[in-house]
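Two complexes, one shared chain (chain A), two partners (chain B, chain C).
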Partner chain A sequence: MDRFVFLTVDGLSRGAVYAAFALALVLIWRAARVVNFAQGAMAVAAAYVAFTVSTATGSYWLGFVVAIVAGLLLGALVDRVVMRHVDHASPLNPVIVALGLVLLIQAVLGMVYGNEFRPAEAPLRRSALTVGGFAVLSPYDLFVFATIGVVVSGLAWLFARTPVGLRMRAAAFAPEVSRLLGVNVGGMLTLGWALASGVGALAAMLVLPTELGLHPHAMDLVFVSAFTAAVVGGLDSPPGAVVGGLVVGLLLSYVSGYAGSDLTPLAVLVLLLAVLLVRPGGLFAPVVARRV
Partner chain B sequence: MSATRAALPPRHQLAEAGRPVDRPRGSTLLRHLAVVLAAGLLLVAVSYAVEPFRNFQLATVAAYLCATAGLTVLTGLNGQLSLGHGALMATGAYTVALCQNAFADRGMTGGWLLVLSLGAAIVSTVAVGAVVGVAAARLRGPYLAGVTLAVAVVVPALAVTFDGVFNGEQGLSVPVEPPPLALGPYFPYERWQLWLTGAATLLALLLLANLIRSRYGRTFRAVRDDEVAARLAGIHVARTQVLAFVVSAATAGLGGALLAVLALSVSPGAFSLTLSLFLLMAVVIGGLGRLAGALWGAILLVALPDLTHSVTELFTLSPAVAQRLEGNLPLAIFGVTLIVVMIAAPGGVQGLLSRLGRRLRARRS
Partner chain C sequence: MERGLELHHIGVRFGGLTALDDVSLRVPPNRVVGVIGPNGAGKTTLFNVICGFVAPESGSLTLDGRPLRPRPHRLTRLGIARTLQGTGLFAGLSVLENVMTGASHTARAGFVPALLGLPASDRDERRLRRHALAILDDLGIVEHAEAAPTTLPFAVRQRVALARALAARPRLLLLDEPAGGLGADDIAELAELVRQLPRRDTDPCAVLLVEHHMDLVMAVCDELVVLDFGRVIAAGTPDEIRDDPAVTDAYLGATVEEEVSP
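Moving on, here comes the complex of A and B:
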């Protein structure tokens, strides 16, 4: 029982991070109909910037803020410099370009920082507090939950309640009409990329201390898990991404706790295949006729 | 969406419509056989002309070519993007390693055993490819890319999970027989490797080239261009997609098996996600959907790391910096090239070459 509670809490904490990362994927997918395969690499790049700032100044929190800012800037940069110029006629093109970005970013990180693991410090204790004899939450888990909660509700508020959010949704839904109505569609797209990349950077900052550490390839498996989470929820649904993230986090935690951590990648693949074959639109997708 | 599509066909269709219609000159099979024979003779001549290390490099190009040719058929002609071909190569490579070790343990010797092992590698990769292909036939665009990406990340990790069979990160060694004595006692091993991989790759290319020109090749392209129209024309779309995936998997498996035979070992590190991205990059830069493009891509895969190595040697760098540059500079160049090619010249190298050739021909006539 003790173990089950521990694994559940650990899974939820990990799942919250996957949820944020999946949310970032969904943001770009809704805005630009592109699955950003470079998101993991971009997030790692932001985390490396944070690492540099933190070691130079000795302040974790300064690095944390810098990571998010770097993520925002990198997202805007990728959209303006690369993605905007890609021919979107075939859905393959943006995917291939994103993979080129993965190679480029990982190579640059490898050249600057080297291809070895660097320790990623956690700002708070990761050992669990005990409540009534049960080891429940660590301060770090609480920090993760709080941060993700703030980000998710902030995004929900932004998209549902603010004029900017309305414009972003309009630009994604009907670009031509929005342009006629005076919406800066290109700017909204860049903003979407920046926001998504910022959220991705935040997720990387939260997940890296619980993994092996900083490495140019550190987010590869996280990306696959988050993609699975986004697919479980349906690529079009932000609430679905959050639920999908928690589901994937719990599943991975149980698999690694009860069956061995070596099996977690396989579990992700099986879950991804199962969801895509049984319910390709995700658990939260409205019923639509598929265009063959 | 459908309205714009009807008004403006995709660029590749326009390009194909603009190309002069190929007149059938004799049998396609005979023509391809002649090309393959010529290439084979050229390869033998080259293998005597260059030093052993170049022979080894050419053999590596041949092994990569096997995989890139299959991938370009799948992605370029059938429109399915696979990021999992590195994993399929790993399947072939590990099968060859397991088979060769099993033969060696039982004390069996003989040159034909390697052929048997390569065959087993193809069969096992076909099985894996069929499973992935059946899933892939139901998926489109980014979903397919995501699944195959997961395959590429997960499959090499399996070598560590089941380290009783695959020996974890260390991998397995691949015992391969020396060249047959009939070739003489001092026959260089690298030349033998080139002959082996060259023969296997040319055979695979011959089959692929015929497949592309056959009824199946036409159904591949029809499914890529418009699934609805293909279905209306009586083509079974899902079956065609699975077939394309299986064919592509078979060549990838053979390519991986040849790489294992060349390196005399297999380890999960050699078949990482980066390898899958490299293969994709090679076919895109070479020119999607053309076997000649796959050749350019395979050459690039071997030549570029070598080239960056010689460039970094020109500068006097501290060993640590040199090591970082050497591993990562080719990656960075690949990445930039991929992005630039995708944006500026989607036809790749072979597209540029054939455009150049057409312009020259037009000027002459």
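Moving on, here comes the complex of A and C:
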């Protein structure tokens, strides 16, 4: 029972990060109909910027804020400089370009920072507090939950209750019509990329201290997990991405705890395969809306 | 000042095909002007020129005497709004949100206040919402505000599209075949609505109407322009046009024959 509670809490904590990362994927998918396979690499790049700032100034929190800003800027940059100029006629084109971007970013990070693990420190204690004999939440888990909670509800509010969010949704649904209505469609697209990339950078900052540390490939497995979470949620549904993230986090935590941590990469891929085979539209999106 | 939108000697060619040839017309403030003509006469091209989707090869446009170089995304800022054939509503947004989007260029608060949840963005949102609800109420469809457009009958969707265009508070409204797909009763209601637009107390506007449906055109327009093969073959009041033999030949006559011989 003790073990189960620990694994559940740990799974939810990791799942919250997957949820945020999956949400970033969904944001770009909805805005641009692109699965951003470069998101992991982009997030790592932002984390390296944070690492540099934190090392130079000695302040973790300054680095944390810089990571998010760097993520926002990097997202806008990737849209303006790269993705905007890709012919979206075939869905494969942006995918190939994104994969190329992964190679490019990881190579540049390797050249600048070296291909070795660097310690990523947690700002708060990661050892669990015990409540009634059970080891439950660590302060760091609480920090993760609170941060992701704020981000997810903030995004929900932005899209549902602000004129900017409304314009972003309109531009995503029908760009030509939106343009006639005076919506700056290109700007909304850039904004979508920036937001998604900022959320991705935040997720990387939260997850890296729980992993081996900072490395150009540090987010590869997280990306696969988050992608699975997004697919579980239907790729088109922000609430679906959040639920999918928690499901994947729990599953991986149980597999790792009861069956061995070597099996977790396999478990993610099995889940991904199973969802794609049984419900390719995800658990939340209407199946008919899918185009492949 | 009685200027409004003016087109001077507009010419448009697609390859070897002449879509518009020396077309001049004027839409004075608060008047309803109709453009009619057979299929392929250049009516839609004319709209696309005004919206900036098509750049004319020759001629010029002026708005209240000032030169106008239309671009689609700047149209609403110039006080021009357009409806599309087949409504063009956002399927994923509610009726209210569709109409709010029509006025979103008036939102003053930018992205940063929105993200930080500052009051400026809140005020904007509430103002847009009130404005959109008032327009839906005017058009008698406020009870559908929260519905998804795809669940509504076509006539209501058409009206939502009109509401969305009006939400921009245009001085000039471009209506692209608004009667398409409507039944006789709906067309009569639409005619009444369009006739009222220039006479409203709040935000009155001029209307430029492209339409096949003769009943509607004759009922609502102050002036008519008849296009055939990209040229203006007649212009005048509905009564004058009805009696013009060139028009009867080119357009009305053909329609009558089609209807007579099924």
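Note that the second predicted complex is superposed on the first by the 287 of 292 C-alpha atoms of A that agree within 3 Å, B and C clash if a C-alpha of one lies under 4 Å from a C-alpha of the other, contacts with A are read in each partner's own complex, and residues count from 1 in each chain.
By definition in this document, a residue touches a chain if its C-beta (ideal position, glycine included) is under 8 Å from a C-beta of that chain, and two chains touch if they have at least 3 such contacts.
This one's a predicted model, so the numbers in the text were calculated from it and none came from an experiment.
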Message: Given the alignment on chain A, is it a clash or a fit between chain B and chain C?
response: fit
- prompt: Where does A:V150 make contact in the superposed view: on chain B (first), on chain C (second), on both, or on neither?
  reply: neither
Task: Report for A:D262: first if it touches chain B alone, second if chain C alone, otherwise both or neither.
output: first
- line: In degrees, rounded to a multiple of 10, the angle chain B-chain A-chain C between CA centres equals 100
- prompt: Taking the superposition as given, does A:R169 touch the first partner, chain B, the second, chain C, both, or neither?
  reply: second
Message: With both complexes superposed on chain A, which partner does A:A56 reach: first (chain B), second (chain C), both or neither?
response: neither
- request: Pick one for A:L124: touches chain B only (first), chain C only (second), both, or neither.
  value: neither
Query: Given the touch rule stated above, what does A:N93 touch, chain B (first), chain C (second), both, or neither?
result: first
- prompt: For chain A, which side has the bigger count of touched residues, chain B or chain C?
  reply: B
Message: Looking at A:L273 after the superposition, I want to know if it touches chain B, chain C, both of them or none. Which is it: first, second, both, neither?
response: first
Query: Looking at the superposed set of three chains, what is the minimum CA distance between chain B and chain C in Å?
result: 14
Query: Tell me, which parts of chain B touch chain A in their complex?
result: 10-11, 75, 79, 81, 83, 135, 138-143, 145-147, 149-151, 153-154, 157-158, 160-161, 227-228, 231, 237, 273-274, 277, 280-281, 284, 320, 324-325, 327-332, 334-339, 342-343, 346
Message: Going by the contact rule set out above, which residues of chain A touch chain C in the complex?
response: 154, 157-158, 161-167, 169-170, 173-174, 176-185, 191
Task: Sort out for me which residues of chain A touch chain B in the complex.
output: 29, 34-35, 37, 82, 85-87, 89-93, 95-97, 99-108, 110-111, 114-115, 217, 220-221, 224, 227-228, 231, 235, 260, 262-263, 265-266, 268-269, 272-273, 276-277, 280, 292
- prompt: Any idea which chain C residues touch chain A in the complex?
  reply: 51, 72-77, 81-82, 84, 88, 90-93, 97, 100-102, 104-105, 107, 109-111, 114-115, 117, 121, 124-125, 128, 164, 168
